[in-house]
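Order as written gives the chain letters A, B and C; numbering starts at 1 within each chain.
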Amino acid sequence: MYSWATDLFPINRSLTGAGVRQTLAYLANLLPGLVIHDVPSGMKAFDWTIPDEWTIRDAYIANESGERVVDFQQHNLHVVGYSEPVDLWMDREELEQHLHSLPDQPDAIPYITSYYARRWGFCLTHNQRLSLPPARYHVVVDSDLKPGVLNYAELILPGEMDDEVLLSTYICHPSMANNELSGPVVTTALVQWLQSLEKRRYTYRIVFVPETIGSIVYLSRNIDQLKRQVIAGFNITCIGDDRCYSYLPSRTGSTLSDQAALHVLKHTDSDFKHYSWLDRGSDERQYCAPGVDLPIATIMRSKYGEYPEYHTSLDNFDVVTLSGLEGGFIALRRAIEIIEQNIHLKTTVLCEPQLGKRGLYPNLSTKESGEQVRAMMNLISYCDGSRTLLEIANLIEGPFWDLIIVVEKLVSYGLLEKIYIRTSLKAS
Amino acid sequence: MYSWATDLFPINRSLTGAGVRQTLAYLANLLPGLVIHDVPSGMKAFDWTIPDEWTIRDAYIANESGERVVDFQQHNLHVVGYSEPVDLWMDREELEQHLHSLPDQPDAIPYITSYYARRWGFCLTHNQRLSLPPARYHVVVDSDLKPGVLNYAELILPGEMDDEVLLSTYICHPSMANNELSGPVVTTALVQWLQSLEKRRYTYRIVFVPETIGSIVYLSRNIDQLKRQVIAGFNITCIGDDRCYSYLPSRTGSTLSDQAALHVLKHTDSDFKHYSWLDRGSDERQYCAPGVDLPIATIMRSKYGEYPEYHTSLDNFDVVTLSGLEGGFIALRRAIEIIEQNIHLKTTVLCEPQLGKRGLYPNLSTKESGEQVRAMMNLISYCDGSRTLLEIANLIEGPFWDLIIVVEKLVSYGLLEKIYIRTSLKAS
Amino acid sequence: MYSWATDLFPINRSLTGAGVRQTLAYLANLLPGLVIHDVPSGMKAFDWTIPDEWTIRDAYIANESGERVVDFQQHNLHVVGYSEPVDLWMDREELEQHLHSLPDQPDAIPYITSYYARRWGFCLTHNQRLSLPPARYHVVVDSDLKPGVLNYAELILPGEMDDEVLLSTYICHPSMANNELSGPVVTTALVQWLQSLEKRRYTYRIVFVPETIGSIVYLSRNIDQLKRQVIAGFNITCIGDDRCYSYLPSRTGSTLSDQAALHVLKHTDSDFKHYSWLDRGSDERQYCAPGVDLPIATIMRSKYGEYPEYHTSLDNFDVVTLSGLEGGFIALRRAIEIIEQNIHLKTTVLCEPQLGKRGLYPNLSTKESGEQVRAMMNLISYCDGSRTLLEIANLIEGPFWDLIIVVEKLVSYGLLEKIYIRTSLKAS
């Protein structure tokens, strides 16, 4: 995963344009079957309209000596996203209105965009800004803003059921590592893992979209099917640093995705951060919107907006680490495993089974012997057919991934029966 | 309001009699349309019977020199309410059994009544009592207890719907300011405000009754209509001092009145006192009685029984202040506004609306810009048609009166739709 | 109760055999109508099979001088329960593998059984064990393990209804006082009290069984009737010491038995220990098993497994005391009284009744007089026909046994009406 992230890091992504296509092509190479879609500018999607495509070839501020003092070639955050073309000489004072920097983080280039209002601008470190003397400057943005397409990619992995798990991530941010490259690379690793499984209970729908407009477009084209089939899913973002784990609920907070996320995080890091719907800020805003109501929750490492490097040039590989990505991958994989394996369970005998005659119980009853089979008996004691394994795991406060092993053993002894009940499609 | 209270303060009110009529006449002058009813003594009302009317002309204890040492003309709390007539000479010791004072509050005259058992007595400060020497005293109560009427007043303000909001207050206490003159004067101000509104969604039913027997009589005469039509309401009492805010729930604690009261008080004074149904003591005892079950809650300043001056001559205008009355008025007005305006809300577009194209969103996306529209987006995110604005306000922890402004703006842009769903008549 | 316990203490009980029959015969003498059942070895009961009957005549370890150094005649815990017959000479080292002691409690003989795997062994104090020198020992267990019967006893006390309260206790432990003689003796006292009642609303089914296999056998023979008729019940164990009170819930924790137990313990000892279903360990494991789901909760003094003397020779009459047994008896009796008397209540008048005219209210209204009738009025205020007296007692935080007196008074005045609603048979 780490090398995918470093490969993709330099590409200048935005809502639209060559950077997005280059990124999707790289991912298609890793994910056979990935289909890249394009949607023309001007097309409507619910309350929104696909914007013009933005092409950026070069952008810089040069001084009177022709020296580039701010240069898009150095860092693609230097130009405000969706800047319109400009080629002007101006003095320091006029230039000032088009500069963006962060006085509190004087060595960080901020990430600024202006998708829906035409303007141009440059982002730079505050120290750089202070070092620009009064003088004439040559300002060039060599860009186009004209009708083109918006791209997104989609992959369907069929399962035993038509019911679907939706994984969504986004590919519209330029060179930043946690928000966002961690999202597409962890998603790619999850898809490769899903592809490697012998069988999948659910069908998986994975989408790589530009944030907000992309998920809105995707929803506008697929909403009936999504509402009919999606039983769980995750928006995958900010999943690459090693500082903490975070949970952001769906709108209701009670979907299977929420239950799985909470269980995984509780047993992964008891200090995980529990955000509220009011803290939302990514595509769950669309997937869980009123009337859309898909059961989408979010598992993150450090949440967008909550770590100091967020939306600056400092969100790099000092923030994102291999162990950070791996921890995020494992948490999401476990959440998906819970969704896959969350059957109802029912005992096959009335009263407790006699474990002893099957070699599952110590024959000699001593003061301590009871402890050894307690976990197994606790599990059995809740298998009345009305509870899922996830509910039982929460009742007996053990991790799902340990209990599933005990379940398989008891099923093999004929003591438990798995019951498959279709997960409710109840709204997010 | 303050001058109404000071005007009404000297009148000697009781369950029945001239003081009640004088008080209601004063209020009728302020409230065009107020209808004064009379109910004859001896009439049955559920388990109760209207008592005889009490007329008190004079009452005093005089010493052998003819000097009045305790005198009803000085303070109408000096005579026990409903004292039967007496004209006797007796010594200090015999007199003692008819005296009431408060050793712990030696400068307060207590307020004592004996409505349903015939007796007579005098209330005085404990210091006054200690200063009465052994001697012969002339005890006179010039009163009548004979069949007459019990009075109450009623006003109906029609609204767009037949569904009603009930406001009830009481007018049976002599010269005390918080319990009770604050009740009728704040109610009068609320009625004048309701009369000034261009339109009212609900019909308002306002009653001024003697406490307990009055609300029981009123219920016995109107119960079918009240149970059919009252969707919310408040018992208005102890609403004039400036020390704190208090909430006393309906019997179930979950009616719209309770929800509105809790929301107002939470956003008015986070330290408001939250009493329980077990602390009740006024007409909610009747309005929320089993089988009556009207949705009546209580918003107070300092609760009856909980402030040191309660039911004594010290409950005067040192306790009740203009700002105390105004604070109480505003809290109740806000609660009524919530009940009036508590619609269900539904977005008109799927996914988030594009606020930018409507000038509702900053065009330049910066690290901070998100905060500015967060409240608006939070509101929209909950408008799925299943929640009322009050529920949404509680979810996003903002005051209803701020949110309603945002709602009107979004409705005017066509982004939200109001849905009027009839408030459940579910019992208190 | 205390003398019954001391009478029964020396008998050598086990799952089966003469000790059980001797114990049941003693109880039958106290409880006219007690029926003793026998079930043949080899019979199936759900997942289990009735084991062979164990007869133990003598058991000892003797040294080369013929001196008995460990002797079943001295204490019946000395032999491992269900030990197979043996008559061998062996050296100290070989003997070692058949000895059980507790290094942490060097003066306690542990209680060990091996019901379902054939072996033999001796239990002794750790000090005794350390004092056995290397030498040849003569080991004798004079026992039989052959087809016979398993015994249990049952008593039905008919009530006005066919709905039943089940009381279950066990009689399979040798000389230990809290676990288990406290169980059968407190149960016996409860049955004598139930027999003494003029009338019983419910039918009572009392069973004395060997633990686990006994309750499974009993369930396998009676499950349809039990599921149809049992509305509440208790497993009675560890109810004789004076250290604390304990509660162990049914599987759901919400049955009438649970509610009654929690109410009694809250008002008996506010520091009572509240265990969870995960702490279970006695016959509630069978009665509340998935698919069985009887509403059985457990009230204990010191819980099995939680006191140091548990399952050792130290669980004697230093642990169990008369006051301990009496406290346990009263707690269970109160829980049964709640189940018997837990009617729904409804006022007969609308609004508050006028207590004064019935002499139930002080005539003279003073600042304090309200307090006196508050409990009565609180009770009445909740009697809307939808709540049981137990629910009301919890709402007003008073003990059921005080409130029932007030209820009877108000019923006698015609102010309250009792409504009998059949207790739900909803699962444990």
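One rule holds for everything that comes next: a residue touches a chain if its C-beta (ideal position, glycine included) is under 8 Å from a C-beta of that chain, and two chains touch if they have at least 3 such contacts.
Quick caveat: nothing in here was measured; it's all calculated off a predicted structure.
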Self-check item: Magnitude of the superposing rotation for chain A and chain B (Cα, nearest 5°)
Solution: 120
Quiz item: Does the chain B and chain C pair touch with the same residues on each side or with different residues, judged by whether over half of the numbers are shared?
Solution: different
Quiz item: Approximately how many whole Å separate the CA-defined centres of chain B and chain C?
Solution: 54
Exercise. Scan chain B for residues touching two or more other chains and write them down.
Key: none
Quiz item: Which positions of chain A touch chain B when the two form their complex?
Solution: 46-48, 100, 102, 110, 112-117, 119, 212, 215-216, 219-220, 223, 251, 277-278, 280-281, 285-286, 288-293, 305, 310-311
Quiz item: Within the complex, which stretch of chain A touches chain C?
Solution: 346-347, 349-354, 356-357, 363-367, 370, 377-378, 380-385, 396
